[in-house]
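Each of the next two complexes has subunit A plus one other chain: subunit B in the first, subunit C in the second.
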Partner chain A sequence: MNWALRKAIFSLAAWFLAVSISILIIVLSPGDPALIMLTGFLQQGIPYDQAVRMVQAYIGFSPAEPWWSKWLRYLLGVVTGNLGVSITYRIPVAQLIANAIPWSIFFVSYSLSLTVILGVLIGIALAYYRSNTIFVRSVTTVLTVFNSIPNWILAAVFFVYIGARWQLLPYMGPYSNDVTPGLNLQFIASVLYHYTLPTMVMVLTSIPGWAFGISAMASAILKEDFITYAKARGLPSSRILWTYITRNSILPIYANIAITFTWLLVGTVWLESQFLLPGLGSLLATTSGARDYPVMIGVYVILITAIVLGALFTDLTYGFIDPRARVGET
Partner chain B sequence: MSEILLGVKNLNVSYFNTKVVSNIYFNIFKGETYALVGESGCGKSTIASSIMRTLPEIAHIDADSQILYYASPHPVDLLKVPEYEFSNNFRWREIAMVPQGALNSLNPTIRIKDHFMETARAHNLDKKEALEKAWKLLEAVKLDPHRVLSLYPIEMSGGMKQRVLIALALLLNPKLLILDEPTTALDVLTQREILIMLNELKAKYGLTYMLISHDIALVADIADRVAIIYAGRIVEESNVENIFYNPKHPYTIGLLKAVLKLGEFREPETIPGSTPDYRKLPPGCKFHPRCPFAMDICRREEPPFIEVEKDHFVSCWLYAKR
Partner chain C sequence: MSEKSRNLAKQLKLVFKIFSRSPTLLFSLVVLLVYIIAALVVVLGFVPPLPPYKGGWEYMYQPPSLRDFPWYILGTEYTGRPLLLTIIYGIPKTLAVAFLSALITVGVGTAIGLIAGYVGGLVDELLSLAINVALTIPTYLLALILVVILPPELKTNVLVLAGVLSITAWASLARAVRAQTIALKRREFIDVAKTIGYGSWKIMFDEVLRFMAPFIAMNLVLSCVGAIYGYTGLAFLGLMPMTPDNWGVQIYMAIRGGGALYSDKAILALWSPIITIVLLQYALINIAKAMEDIFNPALRTYLQGEEM
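Up next is the complex of A and B:
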């Protein structure tokens, strides 16, 4: 357990460092939103001193304050859950993010779990039935096609055809207007129904990467001595397929899952804006355009937290699936 | 040593259209250790895989090849019995193997106990019975069952893995054990321990060994009879004394010269040339391009298998009566 504790402390340090560095970069970079606002007031003919006071009052932000002081004050705010106030929306950043984050988490975990499960199955099948050239070639061709289409193009195509033109699936918004958000069956069903199209786009475009990776891994595993020996012992092929090939093939990708998850939390900007879905991605996209720094920093802080937690989670649980990575046990 | 346990008759195996094992005949008698010796790639593992029926799909065995197993009152041709029958009655129950590459033959993600249990389940052995048997066998190979059963392969040394594989091979009381390079990749002291143990196990469980090796010293130690294989053919076969003290085939002589005795200080001799390319084997005797005694006839015709003395067979024109 000592090891887990050390890992946790290390993660905390990494989090602190990453948050500090990203705040420093944003604070030190040109284009201070307060300065922009200040210039605006000055152009309206307001005297300088009064304009500065107005800005300070407006966003609780002082351009004269030294950078290290801003940084410390912000860090203190982060630790206490206060991420500042959005310049464009005039509401606390924490509240904005809290509204967006469940949608992002839902969308990413829904589509990523489908992607990983299908990707692993297809990859294993590709390696296992490699002697069936027709099967391998046709599946590989389809995968290669989807692999080369960027997800925002597929999103646009699906939006226009499956959505707008043929009206097969809902293509705008996270749920229909006639349901009340909350933990009721109609709402959940409506959300799942509305997310079908975006999820399809996401799954179709990201399956090939997983499938090819798994297939390459499984092809290597198939040549291992322990596979030949398992056959010699007369183990049934289902046992060889699951416990021998699949289990050993997914080990290297396990570490990828948490990283991809956090990356996707903001990596879905295009899909979210195409299908008018709420989420961290669309929040970041709209606020970046308006130079709403408090929100941007807030989103980054949340992402860094997610990445650090994801890595910590992977580290702590890897031993359960791969005994070779187990520590402190003999 | 008179009862035959396994008889291989006219075994021919090819990969695509390339013949890698050609016209192999040999008998293994009950209770003996029969060794197949040859360089890497000479076809000895292919012979073992033919017996275990683990050849890759691209391999083709000629229809008139036979591998007769003499356990039941009537010999059974292992190449002809249906797969399920082979699995139920022969695989691991009559014939088991200790695979080549001990270090990598166990699934890294499951415990040693699971290896025993899955093997037992595949052969419908009762769980409790299997665990007891595994316990006894691990003791017989001088491991601590209590500890080893809960270990993962990564937590064991090469010697321990080799012992586990030997124990695993004996789980269903087989009569014939195929040992494919059982001591390769082990250090010399561990090799010795494994050899001593193999001899003990053989006596204790009444086993017959088919040993596959390129390690002359190991063969000299534990084999009763030896077949020297070159280019997928048996070139010489006899008891171990004849092979080592009275070798006849130029290839056997060359192999033995390549091994140094303890305290001998000389450059080990090698056989000139390299292992043949199976896609373009020379006509006549396959060894003639590397043979110092090659004659005209060697380049034209394959030599017959000649009994030069009692139970000593050589496939070489030097010994043919002309």
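Up next is the complex of A and C:
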């Protein structure tokens, strides 16, 4: 358990530094949001003292104080759950974020599990049927093409064609208007149906990395002596495939789950806004367009927190799956 | 000297062998070459200047025509300018941002990884901490915030954009270079170099770096892919200056302003920039993969052994 505690403390330190450095970069850059907001208020004819107080109320720090005091004050706000007030919605940023979080958790974890499962299956198939050149060539070509399509482009194309033009799948909003949100079967079915297209985009653009990684691992393992020995012992090939090859191929790239999680989380900025879904990504995208700085920085900090938690979770579960990780230096 | 040139010839022969084996790779190289030539043609001024903005529905998204051949063969875009011309004007700027950003990413990543891995001790502890913190900050996320808050005159600066798009992108390369440096440090030739009296800097940036050159070259290409993703993707969100020569802005306008949702009027304006981006990314990813093959020692010995 000592090992888990050390991991947690290390993550906390990384989170603190990442948030601090980001805040300092934002505050020290030529576009300090507090100053931009102050200029905006002054242009509206608001007296200077009142404008300074308004900026402080919205974003949590005043444009007049030195950089270290802005940083400390904002960090204190983050720790106490006070992220300022949204300029466009006029409600606390923390409340906006709390409403958005469940949607993003659902979208990202749904896409992540599908990506990993399908990616592993395709990767194992690529390695197992490697003698079938036509199969390997065609699958590899398709994967490379999807690897080269940015996820926001695939989202735009699916939105325009599968959604708006051909009307094959829902392409706007998280559920249809005729269901009542809550824990009923109709609502859940409607949400899953509406998230089909966005999830397809997420999964199709993130599968190649997993498939290529797993297939490289599995190809190496297939050449190992213990596979030959297992075959010689007459073990059924399904057992060799799942217990011997698949499990050993996943272990070395298990940590990639955290990387894919981060990648999908960042992807929500484009995908949630494209398909008009609620969530952290669309909140960031819409408030960026409206220059709503308190919300932007608040969502940014929450996303960093989610990434640190995702990495910690991956590390801890990996330690339980593979005890060797617990004694290693990392 | 002759030993060196013979080695070089051998390496070139190997590179040629890998290229000739794969038609996709050959295709990718031709594609990249076309983009580079197009960029040079624009930079050297062989392309007519962009005509002025023409407002009004009648000028937007006109169908293809043979007027001023070949510039109007894709019709016009949302500002009434010829689409083909705006796409070609996007090439030098996109390539410049991508290449500069890749240079910064790879330069910083390699230097930090090498120093952390080779020097070790407290320096390694501090640099490793910096790498781990940077790894938790996704580049496009911080880049998005910075692109929004930076004043407009900085947002159009190629160097600033390149810096923003590589702000924490160097971290994963730094981690990999550090691990490889630690492994290489234990090899005998480093001890030999030390005994001869080579300084730390010479060993790091000459002896150790030489072994990682193909890996670093591969990362240079992959960093270009990442920078193009960020540059066009942030423009698609409407956060970059709305210049007509950004492919992300062109796709954004085709969907939001061109009615691509309901009609085929802007179909060329939607698909031309999409194909331009995907083709470039596809070519770069294939070239990076080939470099990985050159880097992969097993495959290299296999190909060299076949030659003998």
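Just so it is clear, the second predicted complex is superposed on the first by the 295 of 330 C-alpha atoms of A that agree within 3 Å, B and C clash if a C-alpha of one lies under 4 Å from a C-alpha of the other, contacts with A are read in each partner's own complex, and residues count from 1 in each chain.
We adopt the following convention: a contact is a pair of C-beta atoms (placed from the backbone, for glycine too) under 8 Å apart; a residue touches a chain by one contact, two chains touch by 3 or more.
All values derive from a computational prediction rather than experimental measurement.
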| item | value |
| --- | --- |
| Contacts of A:T243 with subunit B and subunit C, given as first, second, both or neither | first |
| First (subunit B), second (subunit C), both or neither touched by A:A14 | second |
| Partner contacting more residues of subunit A (subunit B vs subunit C) | C |
| Partner chain in contact with A:Q44 - subunit B first, subunit C second, else both or neither | neither |
| Which superposed partner A:N177 touches (first subunit B, second subunit C, both, neither) | neither |
| Touched partner set for A:V269, first subunit B, second subunit C, both or neither | second |
| Which of subunit B and subunit C A:T133 touches, first, second, both or neither | neither |
| Subunit B versus subunit C as contact partner of A:F226, first or second or both or neither | first |
| Sites on subunit B touched by subunit A in the complex | 52, 54, 57, 87, 91-92, 97, 99-101, 104-111, 118-119, 122-123, 152, 154-155, 165, 168 |
| Of subunit A, residues touching subunit B in the complex | 131, 224-226, 228-236, 239, 243-244, 247-248, 251, 321-324, 330 |
| Residue numbers on subunit A that touch subunit C, as the complex places them | 14-15, 17-18, 21-22, 25-26, 29-33, 36, 141, 144-145, 147-150, 152-153, 156-157, 159-160, 164-165, 262-263, 265-266, 269-270, 273, 284-285, 288-289, 291, 293, 296-297, 300, 303-304, 307-308, 311 |
| Interface residues, subunit C side, partner subunit A - complex | 24, 129, 132-133, 136-138, 140-142, 144-146, 148-151, 154, 167, 225, 229, 232-233, 236-239, 251, 255, 260-262, 270, 274, 277-278, 281-282, 285-286, 289 |
